[in-house]
Amino acid sequence: MIPKRVTVAILGASGYGGGELARLLSGHPGTEIAFLGARGSIGGTLATAHPHLAGLPEAGLVLEPIDAEAVAEHARVVFSALPHGAAAELAPGMLQRGAAVIDLSGDFRLPAAAYPEWYGFEHPAPEWLDKAAYGVPELFGDQIAGAALVANPGCYATAAILGLAPLIGSGMVESSAIRVDGKTGLSGAGKGATESTTFNASEDSIRPYRVPRHQHTPEIERGLELATGTPASVLFVPHLVPAVRGVVTTTYAKLDAGITTEDLTGRLQEAYAGRPFVRVLPPGAMVDSKRVRGSNVVELQAVADPRTGTAVVVAAVDNLVKGAAGQAIQNMNLVHGFDESAALPTAGLYP
Amino acid sequence: MIPKRVTVAILGASGYGGGELARLLSGHPGTEIAFLGARGSIGGTLATAHPHLAGLPEAGLVLEPIDAEAVAEHARVVFSALPHGAAAELAPGMLQRGAAVIDLSGDFRLPAAAYPEWYGFEHPAPEWLDKAAYGVPELFGDQIAGAALVANPGCYATAAILGLAPLIGSGMVESSAIRVDGKTGLSGAGKGATESTTFNASEDSIRPYRVPRHQHTPEIERGLELATGTPASVLFVPHLVPAVRGVVTTTYAKLDAGITTEDLTGRLQEAYAGRPFVRVLPPGAMVDSKRVRGSNVVELQAVADPRTGTAVVVAAVDNLVKGAAGQAIQNMNLVHGFDESAALPTAGLYP
Amino acid sequence: MIPKRVTVAILGASGYGGGELARLLSGHPGTEIAFLGARGSIGGTLATAHPHLAGLPEAGLVLEPIDAEAVAEHARVVFSALPHGAAAELAPGMLQRGAAVIDLSGDFRLPAAAYPEWYGFEHPAPEWLDKAAYGVPELFGDQIAGAALVANPGCYATAAILGLAPLIGSGMVESSAIRVDGKTGLSGAGKGATESTTFNASEDSIRPYRVPRHQHTPEIERGLELATGTPASVLFVPHLVPAVRGVVTTTYAKLDAGITTEDLTGRLQEAYAGRPFVRVLPPGAMVDSKRVRGSNVVELQAVADPRTGTAVVVAAVDNLVKGAAGQAIQNMNLVHGFDESAALPTAGLYP
Amino acid sequence: MIPKRVTVAILGASGYGGGELARLLSGHPGTEIAFLGARGSIGGTLATAHPHLAGLPEAGLVLEPIDAEAVAEHARVVFSALPHGAAAELAPGMLQRGAAVIDLSGDFRLPAAAYPEWYGFEHPAPEWLDKAAYGVPELFGDQIAGAALVANPGCYATAAILGLAPLIGSGMVESSAIRVDGKTGLSGAGKGATESTTFNASEDSIRPYRVPRHQHTPEIERGLELATGTPASVLFVPHLVPAVRGVVTTTYAKLDAGITTEDLTGRLQEAYAGRPFVRVLPPGAMVDSKRVRGSNVVELQAVADPRTGTAVVVAAVDNLVKGAAGQAIQNMNLVHGFDESAALPTAGLYP
């Protein structure tokens, strides 16, 4: 007998992404958390891995070792929040057994040829790369709705692509010399502790990292091309700032002559009209990552600078929600025909 | 015709407390926000006062000037999140017109005689003070269920009373020389900006304030006496630390001979068994305000120090949720016979 | 009789810039603080305006109203840390009376024609603009040494210009389409409190501001032209992040064909060889604003991205030291022939 | 030939305490850093261990393995900033070779009998415990001046003892039931990274730790007894708050009848009259740890609460300066007859 609720598995349940998936899915009317998989902390519960979730009905679920067969037996949808490289190995076995897979890592976001250069490994299941839908629901909803495998986008890529795609698509800005300057809080670095992620090292610290080789670079290029049909050239430089949640991308692109801030804003508003999770700010208003904290919302702001012939598009997301777990659930909602907004807050936690 | 949903008003809708009330009530299955009252920002909307709430269905509600008659006409329950002194003036008019009032200020928490000393005003409606239920649902649920007027407790008082009342009530600790050392984030100071609440002045700043005359002092004394029948003597010293949300009270009281940490912990667990929003930590575990952030949960930890004959009880709440808006909704749920947990998260936003 | 020590005045002594000037000058072997001028807080002392300076010998100096004649009578060097617009009015009177003026505002940094557009006022003393040395000691030391009036640069401009000038000057990068993405802590906003600078609004908040019209834009363009002889075109977008001190500029410019990271780094090292306050990081190392906090050091990092033909230069300063008070003292040291490093720390306060 | 400057060694040079010692000693007119000892990072330099110190003349000094004989050969004064247990093993060998030892760990602060209980080891050199001066210069200056071995106090103990000793000594407050509630930033936890010291876990987190068994408990008791001749009973509960530097102790003690805030304040002012690093606040003013950040100052505030018969004394220090490296240098200044304030700032870094 088919359960009334869709059974889901969360792999990587002990990390931040896994915790957010559990927190949000606990409130989903159509799903049931049927399996928690982890690499460490086996035998502990959701509550021991995430004490802040001790009050949830699912708090007592036990973290199990990950085995593709066991996972597929328990769950019709698998959210994989494992480190890069793991889902590429595990997903095929689960897909073949009929489970849908929504992968929060980078394992299904790029063409096979890009993996050695940007992720440092040869992709073990290249035949699945073409079948993976790229999971930005606002741009690729149709592909996602019919997909068994969804590559859930990176946080920076989500922000940058949502901001630029409609403007490139309309010809208002050029795709040939895009610079993306990213700023993120520390939660993107995960639970793992290193000297550089301590509070001591991070307070009052503003610092770039992985310049110029961050793996979201080709993802933004590919996402823009998928959305617009035009190849894009992107330089991406990310920075760590003393926040926990929040990603802001400030993108610079060549502006077509005569295009104004109002034109850019209008185009974005039109492109995302009726979409529940995109907030396009009126001219003059400025993005603030804090306003979207804890929500699945992206805030967008576009400015034309005729002086230098440049479009500046700023986007903010909560990297753990719209930039990871929330968008993954949004993708599942599309895959399974749920209300796209199910379990996903539009209101942030402020202040 | 009576609406299917209970109509509610939020007074002080432009402040942090008002914003949290709106955010949480938006998800309540049995209520409808029917009136937003404010002192400034009149004519603006919920979304202009709280841009992070722009995605809620109620985002377009307009902030109205406050008039007792108009409020009572629109709403069967009034949440008043106005500054001290305002509800004492407004509540009687709304109560007489049949509205229930849940007041988040200090205006109905003390006996009349205490107001000049601790709040600096003569109480204008002392006849209502005895009729007000003191709104700690875990201790005074019966009175609250039948009350038209609920004095929603202060954040520090909520934490300190929940931690101490069962231990004093059982005779394990004495009520005669209690010290409460409080630590709070900045959100308790509200939206108002002063040099001392800027980021510049607050980062890396640990500082006491209002020593030794904070107005929660007599409230803790009275709450403990209401709960235990024994007069209590409390010295309370609050401190600001560089956080936004979170209140922790560390309370010191004389320990009865022979009482152990296990005894204290067991008593708290027994007192709050089955209560959805109280988490009593096992011996050795330490409270963390971050784990309750965004939730209506209080975390409690009790330690016996036989060396000095002292009980240490530590409690943490999110001052804007269990310490204000969340507890107010919990009280309304009792007043109106809703599920006590309706609209109130048990899971915090972490990290 | 001429005093053995050079007498100095600090105007705007009650603000953050004034406080840093007093703190650093208190340790200067060749100067004596002879006058503290302020607009508010008149009659208070340095210690009441800056309680953290209560232990300095100068703590009891009284804040006086500002009058050009009185100031020039007391001091041979005037540091003006007043808001934009004030020094333009005051400086001529002090200069005519023989005092040297080091102005920390924007009042003498641009050509007269730029003031209405970028600062919103018609410059009242345009005849002094040409006589003002632009105070980046590492680039314009000779002019500064002989100047009576020094326009102390903006914090963002200091960082961006120091990073780019040698690379443009050598032809390694182009000056025609520069983008400067700035990130700053809150101390640049000064002591003044607004809702947006509270701790509550700033924690976990990443947000752009004044896009694309920040007044450092023309200053960077002009500074680069002064240093290289080539006109520059700059788009500058600043962001607030949850830090107190620290400015990081990430600059993007077109890279000449074949130029490598090693080339860029080598050029910077050569340009600043022997300069006490410039730290050029080796290839692969990343700038961190926290490492320069409290010091007069600028950290520089240059990266070539041949993929997109772009040079990325990242620079970090403490906006109140190398970005304001420290650089002002460095300029005074040059003007008066003191050791360039006198009173200026090279070691930051870490962590 | 005896060098003109006193040669000093820093053991534990790669940690935060070692970094602060190097930073401050670099500016000392009478000392020369002659040896840097470490346990890890051997072969690196001061600059690789502490990149923020790369501009100091000592930046190139190499970290050496620690050997008592080698250390004593190079240095007349040894600052040991090693973890608890290490100096107890090393110090005797260095002392026997004629070096003075200033130990920043807990190894020489307690009687031998206390080590198993509070530090978990049997003291290996109990014969040295009586010879160690307890290094609070404001209270035990005479003993320190003649000592070869100084036990530099803990940060919490420094704050609590300086606040209470004069009041107990004068009979204004009792020593029999003291509660010390401590709050600290994360830098006291050192450079080591654990999940609980990450930025992610620490932002917005207020949490007690080691209740009620923190090892500063017996140190405060002993320090008070040494200073006043009266045994003291102390319960100490420390808390972590989201700051880097700063320790605040809020101490509660029984107040003698009739004693006022003015009496307490007056007594403290008298006790510390003329001392360069003690700032006693006037009645009504509140301590702020940020004001002493980066300085060697302790801020003190005393309040009488006649309602409950309690004295509240609040003290703040920078745990890495007056609570560690700064006080260690102050002790060395006394041992070697330097100006007590040499190399020690009274002005904090604010904001």
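We call the chains A, B, C and D, going by the order they appear; numbering starts again at 1 in every chain.
The criterion applied here is as follows: a residue touches a chain if its C-beta (ideal position, glycine included) is under 8 Å from a C-beta of that chain, and two chains touch if they have at least 3 such contacts.
Bear in mind that the values here come from a model prediction, so they are computed numbers and not experimental data.
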| item | value |
| --- | --- |
| Chain pair showing more contacts of the two, A-B and A-C | A-C |
| Centroid-based (C-alpha) most distant chain relative to subunit B | C |
| Separation of mean Cα positions, subunit C and subunit A [Å, integer] | 39 |
| Approximate Å spacing (C-alpha centroids) for the pair subunit B, subunit C | 47 |
| Approximate Å spacing (C-alpha centroids) for the pair subunit A, subunit B | 36 |
| Shared interface positions of subunit A, touching two or more other chains | 16, 187, 200, 203-204, 242-245, 288, 290, 293, 351 |
| Residues of subunit D that touch subunit C when the two form their complex | 16, 19, 23, 26, 50-56, 187, 203-204, 244-245, 276-277, 279, 288, 290-295, 297, 346-351 |
| Interface residues, subunit C side, partner subunit A - complex | 177, 179, 181, 183, 185, 200-201, 203-209, 211-212, 233-235, 237, 239, 241-248, 250, 252, 286-290, 293, 301, 303, 305, 307-308, 310, 312, 314, 316, 351 |
| Residues of subunit B that touch subunit C when the two form their complex | 16, 186-187, 189, 191-195, 197-200, 202-204, 242-244 |
